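Same chain, two partners: chain A is paired with chain B first, then with chain C.
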Partner chain A sequence: MNKPSTQQTILIYIALTIVLIVFMTPIYLIASSSVKPSPIMFQKPPAFLFSPTFEHYKDLFGMRPFGKFILNSLIVALGSTAFSLTIGSLAAYAISRIRHKRMNDVAFWILSMRMFPPIAVVVPYYIIFKTAGLLDTPLALIIVYSTANIPLTVWLMKGFFDEVPTALEEAAAVDGYGLIETFLRVTLPLAAPGLAVSAVFCFIFSWNEFLFALMLTGSEAQTATVAVMSFWSSDAVQWGRIMAGSFIILIPGVIFVLTCQRWLVRGLTMGSVK
Partner chain B sequence: MAYIRKRNRRIFGMFLLPAILVLFLTTIYPMIYAGYLSFRSYDLAKIFVPRVFVGGANYREILSSSEFLHSLIVTFKLMAMTLSVQLVLGVGIALLVVQKLPGMPLARTLLMIPMMISPVIVGLVWLFLYFPEIGYLNYFLSFAGVGSIPWIASTNWALWAIAIADIWQWTPFVMMGTAAALQSLSPEPYEAAMIDGNSRWDIFTRVTLPQLKPVLVSLMFLRAIDAFKIYDIIFVLTKGGPGDSTEVLSMFIYRQSFTFWRMGVGAAASFVSLIIIVVLITLFFKSLNRDQAA
Partner chain C sequence: MNVSRTLSLAAALATGLTGAAWAEKEYEGVELKMLAIGDTSVTRLAPIVDEFTELTGAKVQIDMFPYPGLIDKIVIEASANNPSYQLMWVDSPWVGVLGESGALEDLTDLVKRDAEEIHLDDIIPIQLQENTWQGRLLAFPASGMIWHINYRKDLFEHPEEQAAFNKRYGYDLAPAKTWDQFIDIAEFFTRKAGETLAGEVLAKDFYGNAQAYSRVAGAITHDFFPIMRSFGGQYWDPQTGLCAIDREPGLKAAEVMKELAAYNPPDYLGLMWDIRTGYMERGEVAQSGYWSVRTVRLTNPDEAVLPTIGEAGYAPSPTGDGNPADTMTGALSFAINSKASDREKEAAWEFIKWGTSRDMMRRFANEGSGVSQFHKSILSDSELQKKYPYYQVLLETQERAQRRIFHPFYADVEEVFGVELNKYMAGETESAQEALTKGCTKVNTRLKVFPEEMRLRWINDVPAEIFD
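And now, the complex of A and B:
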């Protein structure tokens, strides 16, 4: 890319400013509305300077056990992340190291498991969990989210394992390390960034999920996304609480983007764009 | 790979087994179960009606119902609307943010935020913007001379209201993938094209686009697979309405299964959606393999 001229630079910045305003406005609205007094919530022109209020956050945690729903979200997200990382990175290591012509097919089969429409399996899940007595438990959601998180981990970790030079593993073998020792002491530490990235992706996906949480939980295991939606009803929409809850829910994702955006491409395209 | 001995092969097999087993139990088994349900009458609203094998009756019912076909059409219409805008906008913004100018890395980072927001929150904030009478969007648009638009209350606009929310969330995905690809392009063809005196547009269409094509195809397939599954945003914004103007396939399955409690019919529709997604996934993998071979 050659350097743009001054005139082009100005045009580029004007276009970029418009793009940024359009894309950032909804996020700004969530943040500002969560601390805006209800009477001026929809005031036009919108109030940019107002004395912030924390009444919506107080309502959120006071009137309904929102803290419990956040805890549920955390349990489910952390549980599914731990489970998926363990199983997924083991499988990824095998796929990365076994030289066999069918290995590619196995990898694609695993990836395809992530792409099925959730709504198509929600009815069977509902019936299966109902029969097993697991409806409205965090365990049900941990299992369901792992079906999406394991394929993601396998594909991300496979990419990271591929980059660990096998010469190091061969040297470890010469030193008398067995395969499992080599994996745990040599390969896995070298692929640690991959583990971190996979963990964050699994966490965010589970944290953000709504459909399964809505269908498979009730009052006990309800997660934060479902709880926020419950402030919406056709007769009275409690915008203050919705926005306060939304703001809390979007914090992990925003932190992730700001701290490790260079891994986003790889994670979101599952390695098809590096 | 001398260190992979026979014994190690068995250990590798043990590494792989848990993932395959778990995925089989949690994904393949429910799908087989959905297939089984789709051949039965499983009506939770009528508890005294026996749940019997009904052959292809559920399939005959959905395939001959105009509602089901309508939901398929709406799904693909929404897919066409969102993908085309995301492609053009995403590539356009990517071309802006890859310029070597101050502030561009920050802009790229900020623009990625929408992707990491829960779709249900995306739905809620757009509901806030679209809300009849009081929402801010029409107010903002009035400055551009646009008259009041009944976004989610009108059968003409509701699908666009959903498309816009999805476009807002996922244009950054196309932007991000395209920007990554643009930054890895080699400079030689550009230098050659410049020496030949081509215009910027010519260089873009003849040098840049052909090199971007494999990445854009991948990105569009990933978007298409996601667009086919769209659910949360619609659930928040319109629940398929007004009328049936935004009833995509997911909403059809949801309503059959959980509003009318006709699980058999819902399962049959689910199975049709599985077949369509298998076709999409197969095409996507084929295109990936072709790129690797090339």
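And now, the complex of A and C:
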């Protein structure tokens, strides 16, 4: 491949800069608004130079137990991710390996679980969890999010398992591995990029979800997304506090994605394409 | 006795609450949870609920949720037996939906029973009427809003500006009594950077007016409906129970808003409630109408820049012909879940009485809270009026205020007309008639599913018995 010319390099950098600006502007607005004094929050033209204030962060943690809400979000997101990966991987492996004429229908049926509109099941979920005494607990949200995450995991992981040659499993069987050992020690490690991709999708969905978190929680299991939006009241939208909360909410997601990044690039380019 | 307990009791004594008729720890063991939002009517109360526990024994926990979606959560919560929440925060337009669903306990008899204790005759009647549905009082006001005008008093009273205005329009510069005057004032004060305002060269553009034109959450309707009502408009046809917003008063109101758009900040199509009031709080506009819940900020240099650069004036909302007309009112209120147990209901009512009592409201007023007052004695208090000059306007305007929309389809109306009015203001719709007709057609399509008898019942604002 020829080395790009100086002009091409400049153009590439210009294009990259534009893309970077487009993607980073919302992050900049969130970050700057989170430290911008309220009276100049919507000043026109926008105030780029100002004395930053940490009042919004102080209010965020002072007026509500925001640390607890972040912890709730982490418990729910990590719990749902772990549960979905465990169940989803096993189901995907079965669908990938079992040869049966109706297996595609089973796979589609699992995917269809993700198709119904969330609003349609809010009330049934509410009644079920109320009856079971699980309302306003992280477990309720873990269960609900897993119903959406498991189908996604199944479909993502099925593609990765299809890519793993069965000859390797047969070799493992010859070496004396049972089905579970073969899965855990041979197939699953080879599909690790798929796990990373699935984990990222499951985590982000669970971390960002709002509707179920609003309807199924109270103060005990309230998640950060709902807590941040609770600064939207009837007489005002307290943008400073919302921005401060939003900035904090961004951090765990970024850390999680960066942690998985090692496997992510490879995972996004394989598995779904044969 | 620890320090916090001592302070709590001292605070209770200071507000005269120990004089209430609670038996010692009468509700010991009762746990109340309140489904609420982070509104000033709640945030000021949440940190001091231990005082209520000290008095009654009942524990109260206030959970705050976002305003969008809260009504759905209330409806779902009220659909289950043995509810998690016994107390609900309610915005007064919700009483129609919640009243029809049977979600809220009727407070009429409780209010009648405790009329003396709650100083019923001191509460502005419209604030109670705001919370009624079909003759039943379903919620009790915790913050009573009124729509009124804030303006830059320092500009209105500036001699050069007064002379220039009189020369241009032929009458004296003063808070507008009619919408025509309001438009004149908005036009007069709209100036470009470099022009002079009150003897000073403007560093940036200055605007005559700031109103909400955003379709988000129906924000534009909050500005449109007060104007429509001031022209004598009604939401519903009394013969059919169908939409009547597309009639003459509605058209006039839409035209007023369209004409005012030119004198608003350039981002007017996206202006929502507090973003709009922000312009006034920063002193960047000459006048702006809004609910009274944020007016207190105009008196506080920590919350608004205006107090440091000028002085705010307060006036009733203009009317179509300049004669006094009904102003829009609203109430942010507390209610009781109808599915709560009898003991919980009694304790919840005690909490409502405590949290909305005249003493508590006076305490909030002294603290500078944004809670909008609804007791005549507080609004007419001369000391408080000195501190909060807008109290006088609130007192006067509420005398003949008219309640907001209280129909079960109120959310549809806000949503539909939010979009249609915004499109008209943006020039996407040719005329006001087209915009309003489209809006009414959409609303009527949904309403016509229901029998006329039911529609007529919904629009019939039966006063609760407490007004007898």
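Everything below uses one rule, namely that the second predicted complex is superposed on the first by the 220 of 274 C-alpha atoms of A that agree within 3 Å, B and C clash if a C-alpha of one lies under 4 Å from a C-alpha of the other, contacts with A are read in each partner's own complex, and residues count from 1 in each chain.
What we mean here is this: contacts are C-beta pairs under 8 Å (C-beta built on N, C-alpha and C of every residue); 3 or more make two chains touch, one makes a residue touch a chain.
Computed from a prediction, not measured in an experiment: that's the story for all the values here.
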{"item": "Touched partner set for A:Ser219, first chain B, second chain C, both or neither", "value": "second"}
{"item": "Chain B versus chain C as contact partner of A:Ile98, first or second or both or neither", "value": "first"}
{"item": "Partner chain in contact with A:Ile127 - chain B first, chain C second, else both or neither", "value": "both"}
{"item": "First, second, both or neither for A:Phe42, with chain B first and chain C second", "value": "both"}
{"item": "Which superposed partner A:Met229 touches (first chain B, second chain C, both, neither)", "value": "both"}
{"item": "Greater residue coverage of chain A in the superposed arrangement, chain B or chain C", "value": "B"}
{"item": "Touching both chain B and chain C, residues of chain A", "value": "42, 44-45, 122-123, 127, 211, 215, 229, 232, 237"}
{"item": "Footprint of chain B on chain A - complex, ascending", "value": "1-4, 9, 12-13, 15-16, 19-20, 22-27, 29-30, 33, 42, 44-46, 87-88, 90-91, 93-95, 97-99, 106, 108, 110, 112-113, 115-125, 127-128, 143-144, 146-147, 150-151, 154, 166, 169-170, 173, 179-180, 204, 207-211, 215, 225, 228-229, 232, 237, 239, 242-243, 246, 249-250, 253-254, 256-258, 261, 264-265, 268-270, 272-274"}
{"item": "Sites on chain A touched by chain C in the complex", "value": "38-45, 63-64, 122-123, 126-127, 130, 135-136, 211, 214-215, 218-219, 222, 226, 229-238"}
{"item": "Touching residues (chain side chain C, partner chain A) in the complex", "value": "33, 37-40, 43, 61, 63-69, 72-73, 76, 79-80, 82, 84-85, 91, 204, 265-267, 272-275, 277-278, 281-282, 291, 293-294, 303-305, 332, 370"}
{"item": "Residues of chain B that touch chain A when the two form their complex", "value": "1-4, 7-9, 11-13, 15-16, 18-20, 22-23, 26-27, 29-31, 33-34, 37, 93, 96-101, 107-122, 124-129, 131, 134-136, 139-140, 168, 171-173, 176-177, 180-182, 187, 190, 194, 215, 218-219, 222, 225, 228-229, 231-232, 235-236, 249-250, 253-254, 257-258, 263, 266-267, 270-271, 273-274, 277-278, 280-281, 285, 288"}
